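Shared between the two complexes below is chain A, which pairs with chain B and chain C, respectively.
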Partner chain A sequence: MSRVTSIPVPALQSVVLELTPPNLVRLSGTITSKEPDPELTAFLRALQRAVLEDAVSELRVDVSGLTFVNSAAIRVFVDMATWVQREARSAYKLRFLTNRRVTWQKTSFMALSSLARGVVVVDHVE
Partner chain B sequence: MHGRSAVSQSALAALPRKQSVTTLASALALNSAQPLVFMRFQPAWTYINGVREFVSFFCETTFGRQEVADRAQVIIQETLENAVKYSDTSARSELELEIRAEDGKIEFSVTSLPDPAHVESLKAELTGLNAQEPEQAYMSAFLRASNEPEASARLGLARIRYEGGVELSLQEQAAGRIRLTAIGTL
Partner chain C sequence: MQRKDSAEFTLPDRSQPSSGHFRRGPAGPSTERQGGGGRVLLSINCAAGSDMLETTHAFLSSYLNNRFRPQIAQRLSLAVYELFANGLNYGSVTSDVMLELMQSSSLISVRVENDTIPARVQMLAEHLQRIRDNAEATFLEEMRRSVSGGAPRAMLGLVRVAFEAGLPLELTVNGRRVSVSACCRD
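Our next item is the complex of A and B:
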């Protein structure tokens, strides 16, 4: 049984999380809290560990419905990529599904894919 | 829109490479007397979302372009976050937000009363930022965030400049107040 299915999905204030096993997580809404929500970061880290244990080849992160985030939230995605590179030894890819009409997504994931080449893949869903 | 304004580029080109951010501010400031928007409020995190949403609405309505509204959102969010985080906590501490537009250029400025220790680090951060092209500085900020996982993100100023398509400058004012200005093309 997939370990991903056993991860509890937190209910957060401004962002909705949807988890679809074996390897899709969708975030929608906005994230502008002063520090990244500890529940969000814990959920994503648990998901990353589960994907690694499940030996799935990629984790799909759909951020196309995330209309605005601050830099503290962008940091969460940087940390996800760094974790795959350093802790998971690039065992799987992070595929971000983005909306090219949303400015922050276009610029941030361009930078992230350049920073974590071979680990981060960016697809446009709109 | 990631390009810098022609005016900003020419103003920057005319300055020595290590020009102080204060002089840069006066070189780049718009001269229109009346701001399109002027707001004064306490430096509280809880106001930031509301102000950002208003400015986004205002820019989309006034300039008729979603792209300007999107850039404004980044500029407002990150400048206000920066001002709120480092503001003096006394009762006399207030933020002032002004938006001006003139001759195809737009200017956002936030005046605050910061903790004095923050002013020098902000000046150093801006000097480092302005020494690089916006995209290069943005990539450098991502790299730094990746290499320093325990430190704060410090992506905000690079983000304002690159995603907001503006140049940033700082003016020190009387009584310890500072004015952070972002100016770019409409």
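Our next item is the complex of A and C:
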């Protein structure tokens, strides 16, 4: 049984999380809290552990509906890539699904894919 | 007595010259006034350190989305958030942080003004110079620093405004009073 299915999805204030096993998570809304929500970071960490346990080759992170994030939230995505890079076991790729019409997504994920080459892949869904 | 979290919102939306003319202060590393004035669409004053960032940003994002094209609104929304966050975080509690949205015939600008300490002014001027020299490299560097942690903390906010939103940043200093503005073409 997939470990991803057993991860509880938190209900957060401004961002909606949807988890579709085996390997898709969708974030929509906005993230503007000063510090990243601990529930969000814990959820993403648990998801990344589960993906690793399930030996899935890639985790798809659909951020196309995330219309605004602050700098603290960008660090959440940078951390996700770092977790994969630091994982000693055979790791998976992070595939971010983005929307070209959302300004922050274009530059942030382009930069992230260059910082975490081989780990982060960026696709446009719109 | 003013509550810590209180703010004054004004929505004049009438022809009115932008308030104040800044002269270069004694230690002023910068610059000319941007945009040559224009009318103030909106002005917000609140105490430095107050918890007004998220609500103000939500309000202003809605306002910008209703008033400007989506691409313009998105870029200005980012500028509002990051400039105001800086003002609230680093502003001196002895005076208010002021946020203004201004429009001239072809430019829309966001300006945040606050008092701060000289060391912070110096740091801000150096950071803005790095951004002016190479915004993309600074953006990558700050993203890298956000992973490694350590002090000083990564400063992604202003470089996001310049690189991500493509809005030039201007710093004006008059003594302890610091003003950072970003503007874009309508």
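FYI, the second predicted complex is superposed on the first by the 123 of 126 C-alpha atoms of A that agree within 3 Å, B and C clash if a C-alpha of one lies under 4 Å from a C-alpha of the other, contacts with A are read in each partner's own complex, and residues count from 1 in each chain.
Basically, a contact is a pair of C-beta atoms (placed from the backbone, for glycine too) under 8 Å apart; a residue touches a chain by one contact, two chains touch by 3 or more.
Because the structure is predicted, anything quoted here is derived from the model rather than measured.
Following the overlay on chain A, a clash is recorded for the pair chain B and chain C. Contact with neither chain B nor chain C is seen for A:Asn23 once the two complexes are overlaid on the shared chain.
Across the superposed pair, chain B and chain C both touch chain A at residues 32, 34, 68, 70-71, 74-75, 78-79, 82, 102-104, 107, 111-112, 114-115.
Those residues of chain B that touch chain A in the complex are listed here as 2, 45, 48-49, 52, 67, 70-71, 73-74, 77-78, 81, 85, 138-139, 142-143, 145-146, 149, 152-156, 159, 162-163. Those residues of chain A whose C-beta lies close enough to touch chain B in the complex are 30, 32, 34, 68, 70-72, 74-75, 78-79, 81-82, 102-104, 107, 111-112, 114-116. Listed in rising order, the residues of chain C touching chain A in the complex are 53-54, 57-58, 61, 70-71, 74-75, 77-78, 81-82, 85, 139-140, 143-144, 146-147, 154, 156-157, 160, 163-165. Within the complex formed with chain C, the residues of chain A that make contact are 32-34, 67-68, 70-71, 74-75, 78-79, 82, 101-104, 106-108, 111-112, 114-115.
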